[in-house]
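Across the two complexes that follow, chain A remains constant while its partner is chain B and subsequently chain C.
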Partner chain A sequence: MGASAQPVLRRGVGWHVRIALLETRFQFLSSLRLPAFAIPTLLFPVFFYLFFAVIFQSGGPSLVAPTYMLATYGVFGVLGPSIFGFGVGLAQERDTGALLLKRTTPMPAGAFLFARVATAAIFGAVVVAVLFLLAGFAAGVELHRSQWFSLAGIILAAVLPFSAIGLAIGAWAKQQAAVAVVNLVFIGMSLISGLWVPIYMLPNVMQDIAIAFPAFHLGQLTLKVIDLDLGRSVWFHLVLLGGQTAVCLAVAAAGFRRFSGR
Partner chain B sequence: MRCLPGTCNTSVTAAYSRKDGGRVTILSALALPSGSAPALARLSGVSHRYGDVLALDRLDLEVHEGEVLAVLGPNGAGKTTAVSLLLGTLTLQSGAARVFGSAPDAAQVRLRRGAMLQVSGVPETLTVGEHLALFRAYYPSPLPTERLLEMAGLQELRDRRFGKLSGGQKQRVMFALALAGNPELVFLDEPTAGLDLDGRRRLWDEIRGLKAAGRTAVLTTHYLEEADALADRIAVIHRGRLIAEGSPEEIKSRTAGRVVRCVTTISAETARSYPEAAGAEMKGQHLEVVTAEPEAVLRRMFALDPELGDLTVVGVGLEEAFLALTGDGAGPDGNGAGPEGGT
Partner chain C sequence: MATPERSPWRRDPWIALAGLAAFAALLMILPVPDPADPPGGPLPETNFAVVDVTVFDGEEFRPHRDVWVEDGGIRAVGARLALPDGLPRVDGRGHTLLPGLIDAHTHTFGLVLTDALRFGVTTVFDQFTSPSILAQKRAAREDLSQGNEADLFSAGNVATAPGGHGTQFGVPVETLTSPEEAPEFVRERKEEGSDWIKIIWEDGGTIGADIPTLDRATIAAVIEAAHAEELLAVIHVSTLEHGLAALEMGIDGLVHVWGDEVISEEDAARFAEAGVFVIPTLSVRIAAAGESMGPDLLAATRPEHVSDMQRQTLAQTFPRPIGTSEASIESVRRLHAAGVTILAGTDAPNPGTGFGISMHGELRLLERAGLSPAEALAAATAGPPAAFGIEDRGRLARGRIADLLLVAGDLESDLSRSMAIAGVWKDGFPVEAAWAAPRQPE
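So, the complex of A and B:
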């Protein structure tokens, strides 16, 4: 707020934070008002969990299934907002020229990315909260407090690698194609990574293929919290997940370079 | 302190050395970053290629403080490429682009410049007021929201979602967003493309308001009428080159005219030698002569070729006007490659 005639050339951390929060607020509002985004991302995982883990299993002999599904549907719950927000949202903003317009403004690129990650995290957090309430009160899942927190933490952290996948799709695909690709990844990766059906029930070939997908590693990391994973080490999952995320980011960066070259 | 060490000196040299040769200019450019001597924005010897297509061919363009400059040219002339280079949304391939004495995408440039892009929308689920609030927040001293709504004629539409607006209303929102930061320099890339007559007139009024407020604006258009109605100065671009530059009156006097079209034995060279002819060329079997005085040209032609036939005389379209300007300039032959398909 300098009173001089000179434009303010250096903007502080406060300015960056303010823009990032404002971008987040409007990104969130915009997503919430888009039924095609809000309804499937919020309701799919909740209904799936309600149906398969609560209603199907009620009166069942063990709490293993509802507990197992809490971990995997939680991961599924943040996958949707992350890859739809970045994949379809970004492709859309690029196709409509909104992204190009913002590049002519002083908006920091970081604020733009932050807003999308934060929006996915907010949607993810709502899904996780509802799943936890269903698990704790309707399905009767019992966990240590530390397990609840660990599960919530890993699930919310999954927003980052999933956003990287969305970013890679959104940076390359046109809007219409992005919708198709994102849906394919959303459903295909969830299935093959064992987010819908437990991984040990899938054929061996599919279990081997699953190692190529970030959702598999995140599913295993959450299952490890409740001792229901396949037994590989934490580092195995973290290293592969990190590598896959780096590949996605590199693909996304190449897409953006191509975009500014034309 | 205006430039990061290392970035400024070299690029200023690149920008100004061509014309003024070096150091003295560099020093004055640093002393007067947005002063009167250098242009507010300039492209110097800029060429740009998309694959095999040469979109800009050693283009020089200057924007002076306080003027509304119209960049006029047919579709594919290179107008949007030129603007994109001045906005920094396209990477410069050769030549120099400077805005306020800095690189076009420098942070201090973004703060002082606004833009309305040719193909642009904003998320449809946010309201006009929300979009304005977001864009205003990017700038240190934005225009008040009420003022923006008024300047763009959007007072009634503040709470309407962007997706529910008509084409003309959307363009006015984009116009308001371009002005959100109270910019000294505004780029408007074909602002009225796709608008009906009413929408166009309305936006023209808003753009005239810019000039009244003492802002500098660069407007691209393929309508001579639009350039004439809004600009102080017109730069005509054709096939990536600046082919004419001047006041609207000057440009109009050079482009207003008729096309005499006929089948004749008279060659294009002969027709071009007539003092009344602004340009002439063969189109298939027909000779086309662009002229402000069709009667005089026809008298000369009938004198030479009484058998001349299939005659039409029509008002000059912008495309012919550009051809006339190209043939008219002291440039190289120009007609050898054929007039079709500029990109």
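So, the complex of A and C:
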């Protein structure tokens, strides 16, 4: 490590950036090399969109469905990498002792969290890119430039609240249990939040319950960009989403305190 | 390979930037709407005038009129209006301009409201759909901004018996079994967003089946409860006998004409006296009797305007004939002659009908039942809102919303010209066929 020792020892802003990017690189590569993570998170939303919005709607009467599903499957596309990366990955590292090992290195906790969030965002960005290409060039969806950017922005920002959910699960659940819990949240929350089937097609009771889930609010915020949401205000969604994220972070913090034995 | 440990972190910032740039580049190449097309670009010009056009105002034809549309509504209708310079004008010579059509009997599932709009049907009165869509559609119909769907008014959840007609479609239905439940049932519908109450009286007799149905006491109680809540009560019947019985119970309207026998002139007069309106749904009645208007309608329209769903439902047939076309059409003739209000409705998307497109068939069927072109068009424009107590639409007059249908030709002399659609406007926005039309499979 002789040659790289010099820059690494200076702990300025540059040091933090470099170590965060390095950790991201390794986190990303290790995720990419884990087919059980990479394949479902990349292919699930893409195949769903391809089937329901492109093939199923081909020759259909309008572009409402492909446009609508672009927003909801986009959110679904970042949900996977976010909660699997944190929920399962973290539980695994904790139970195998890898987390403890990392804590003994000089790497700051911030770099560790950044790397996981960034990895989820990279996977999310790949999904968004493929979905947008399918929508724009296969399904015929046309949006204003500002709408394309807003959609991409909100969808990628969804990585943060979803990572908080993953963090809460990963902080508490055991490695094997985490897989089940994450899958339950992944599928259950997607369905009830209207990411798979438009929310207005669900029974009223389910629409009411959906308000309790971050994915619902993110779905509505993306749908608002294309004017297909249920019509509640942006603040309604942002406030509830913020509150729900805060709860997840508090739950996660409690879990880590327990793990640290403090 | 000189400094393998160093290279990763030196490259990382560039890889990150390159990734961001690639992502932004992707967002820059995605398709945007042509500024000339309505859904995209700057908002289309919604202030305009159709000049020197034959107007059907909801009751009668008035030649050489100008119609001034402003901010989603009709600002003025008259001969030689003093229109401001620079107001975009549509040349109406040789054309007929009428209020957007209103289908008074539909069922709303999937993308049917877009199908409707393409055929000039700008509002539908739904007679049973999932209550879960009502809140959204109520908001949509108040909203004059650009949309790509017809407006919806609906009965929502129908009043039917457990296992009765209406429960077989997979949509969860709240049922009732006794007169005592009626007031609570009606209150729940009102809270849920039903615009009126629709009752099902269907024992399956006309198809030789035995279907559970509400008893007479419960039907009467639902009608009474609806009136107590200041809602209209309409009823599905399939026999003349049930229609007459519903009349005695104080029903406001029938959503089908029967197909089993021709009504007598005396009985028709009773309907007129009671002020009960009838939505005969001849489109579905003749389909049930084994006739089909599908080929005629498809021949008269541009294939690219017909969605797969419209084509499919038009081609569907009933498993076995129910009633006869003549019993239905002759009954409508007598009801109309007696002065009963007849409203146009198709019961789309039931077998043999297509959402939107079948309204043009219904107009011709009403003509076959003795209505003049103006009377048939009134049944499809001013009639339904008047019967259901809705103020803002159905007429081409100052202050009404600018839901418009422009057809090439003179409808007064040839009602079949209704399919020669030259333009449709919803809330003043042009409905471009290219926007809403189905894309053709390769």
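Operating definition for what follows: the second predicted complex is superposed on the first by the 251 of 262 C-alpha atoms of A that agree within 3 Å, B and C clash if a C-alpha of one lies under 4 Å from a C-alpha of the other, contacts with A are read in each partner's own complex, and residues count from 1 in each chain.
Operating definition for what follows: a contact is a pair of C-beta atoms (placed from the backbone, for glycine too) under 8 Å apart; a residue touches a chain by one contact, two chains touch by 3 or more.
Everything numeric in this text was worked out from a predicted model, so none of it was measured.
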*Aligned on chain A, chain B and chain C: do they clash or fit?*
fit
*With the two complexes superposed on chain A, say which partner A:247 touches: chain B (first), chain C (second), both, or neither.*
neither
*Thinking of the overlay built on chain A, is A:34 touched by chain B (first), by chain C (second), by both, or by neither?*
first
*asked:* Quick check on the superposed pair: does A:22 touch chain B, chain C, both, or neither? Answer first, second, both or neither.
replied: both
_One more residue to check, A:101. First (chain B), second (chain C), both or neither?_
first
*So after the superposition, what angle do chain B and chain C open up at chain A's Cα centre, nearest 10 degrees?*
160
*asked:* Between chain B and chain C, whom does A:64 touch in the aligned arrangement: first, second, both, or neither?
replied: second
*Using the superposition on chain A described above, determine whether A:137 touches chain B (first), chain C (second), both, or neither.*
second
*Look at the residues of chain A and decide whether chain B or chain C touches more of them.*
C
*Once you lay one complex on the other using chain A, what is the shortest C-alpha distance from chain B to chain C, in Å?*
6
*Between chain B and chain C, which residues of chain A are contacted by each of them?*
1, 18, 22
*Residue ranges of chain A touching chain C (in the complex, touch as defined)*: 1, 3-4, 17-18, 21-22, 24-25, 58-62, 64-65, 122, 125, 129, 132-133, 135-137, 140-145, 148-149, 152, 200-204, 207, 230-231
*Please give the residue numbers of chain A that touch chain B in the complex, ascending.*
1-2, 7-9, 11, 18-19, 22-23, 26, 29-31, 33-34, 92-93, 96-98, 100-101, 103-107, 260-262
*If you look only at chain C, which of its residues touch chain A in the complex?*
3, 5-6, 8-9, 12-13, 15-16, 19, 23, 26-28, 30-34, 39-40, 111, 114-115, 118, 130-133, 135-136, 139, 148, 172, 192, 307-310, 436-441
_chain A-facing residues of chain B, complex_ = 2, 50, 87-91, 105, 107-108, 110-113, 115, 117-123, 125-126, 130, 133-135, 137-141, 161, 174, 177, 181, 187
